[in-house]
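Next up: the structures, one after another.
Two complexes, one shared chain (chain A), two partners (chain B, chain C).
What follows is the complex of A and B.
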């Protein structure tokens, strides 16, 4: 056995190997990572959401306008629901995007489905965000199911 | 393989519900009556069973998702992936049994 060192193959005349530095591959890498990070957070957010809304008190029977108004009068639940909305929508949209890429083989079909998906996702995220921030727990003229802190008309 | 199929199917089901759920919740901006009327539909027994199925899908997706993360990031994850699938299924039962007892007694109990 000799001690000769052998140069790494093609090391002299090829650009340095780069993985996921720019472009498409980098986006897919970020999307992959996002699914895992948002997934962990969503487990906590959604389990908490389900426990408070379905398990405590009268469960689903307690849910009416006053219930939602009571929760969103607290910044804690506003932030909770806002975070849940954005993370769940982006997580779900990216998941469905992956599924479309896997199964829709024709270019046109794939592009059409993804366009519909992105429009739907954008509409739902914007709508949900507006609802959380513009919500009025005591709307003028309303009489039923109001939370207890609204002034009596 | 089957956990992968299950993850995809539950994921799509949850996503479709999420779209509907944001829309129904948005009715709080229309009027208290509109919201309470539509949410009333979620309280009938057939929808109650649908909610149980939805929660079952969410709990599986959540635990199997954590398993996927462990397979990807934990050094011994790939080695124990099959054991972790059994853990997912056991945890799923452990969470679903008390949930179903509570939720179905609320849905079917007279109030």
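What follows is the complex of A and C.
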């Protein structure tokens, strides 16, 4: 009779409210701040890069292997490109991290996607940095396919 | 003849002001129109799926969506379930998704909607539906409770009221208008993803105390909102500001809380 319990209604899905404190205090704040600051710096770096490469002098027609080699022989452009590489990679990685956090529903999926993301970002950052600093247009010992400005051995 | 009877039978005195007809002075008919109300129905006792159901009715230019829902419930289908208390935009019970936008059913006039097409009414999104237009508000109120929406003052209790200048009151005036209807939180795409984000409403109510000169627990609330699921998840999509039936500048309030955390930490 009235002692019968009424079964709980079956809701479509009940998201459990399971917020918990994480150890990384203020990490999200630093990430948020980094996105704003790196964004502003990247606007200058990228448009400067595009202007110098595509507009100055002969413009787009000047771009070839020698042009890049010439740029990277100057420490100024090495630092410029290094900054652009690091900031763009970290900015983009953090953006994708946010998207994964938002849209991956299961913890396993989230972990997997973020692991792939971090490995990819690390490989590109390390490889790019290595290329910028160790780039040598005229490697010793090479005989064929050298650009014309290299000293003839 | 008693005085009461006189009052009932005597004709009203003529109005001293004659309004022209184009201003509605004629006291003419209220325009009526036929509408189709398309309601998202869900009954967990009969089906795990929700379905659309159409109701046709004749309504008047002074009617709101809530009146149409009442007409359905009282005259066509008594099983239709929805929340409403004051029915005048103060209690915040009847937030629902009307024609794809979060609004209060009691503040949305039918004549302001496109009555030539069916008017869709759905429960607000991101919270578990219990029946028809009723959702489980518990996750919403849990994050509201977490920001401690009450005055915390560590000083001596004054013998009279705590004084505050008009400027100090103005600082958080906008966020005092919240009626906790959940229209903002349930319009937020970040809240939709996993329901763990504090949500605009909780941040608005934290803002109301953080910027109150009489309150001493601002730092505590800022620390709570500096969480992984706190203000930094806000993407400034402005859905909340658009949804708020009280016109609170929600996104701006969230931005001010972000600024407060930043200036406190750095």
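A few points about this structure:
Methods note: the second predicted complex is superposed on the first by the 110 of 153 C-alpha atoms of A that agree within 3 Å, B and C clash if a C-alpha of one lies under 4 Å from a C-alpha of the other, contacts with A are read in each partner's own complex, and residues count from 1 in each chain.
Following the convention adopted for this analysis, a contact is a pair of C-beta atoms (placed from the backbone, for glycine too) under 8 Å apart; a residue touches a chain by one contact, two chains touch by 3 or more.
Note that the coordinates shown come from a computational prediction; the quantities given were computed from them, not determined experimentally.
Of the two partner chains placed around the shared chain by superposition, chain C is the only one that A:26 touches, whereas chain B remains out of contact. Of the two partner chains placed by superposition, only chain B is touched by A:43; chain C is not. A count of residues in chain A touched by chain B and by chain C gives the higher number to B. Contacts of A:105 after superposition on the shared chain: chain C is touched, whereas chain B is not. Across the two superposed structures, the residue set of chain A contacted by chain B and also by chain C is empty. Contact residues of chain C toward chain A in the complex are 42, 44-45, 48, 50, 128-131, 136, 138-139, 142-143, 146, 190, 193-196, 226-230, 232-233, 258, 261-262, 265.
Residues 36, 39-40, 42-43, 46-47, 50, 54-55, 58-61, 63-66, 68-69, 85, 88-89, 92-93, 95-96, 99, 120, 124, 127-128, 130-131, 134-135, 139, 142, 144-146 of chain A touch chain B in their complex. Contact residues of chain B toward chain A in the complex are 8, 11-12, 14-15, 18-19, 22-23, 25-26, 28-29, 31-33, 35-36, 39, 42-43, 48, 51, 55, 58, 62, 65-66, 68-69, 72-73, 99, 102-103, 106-107, 111. In the complex of the two chains, the chain A residues touching chain C come out as 9-15, 17-19, 21-22, 24-29, 31-33, 102-103, 105.
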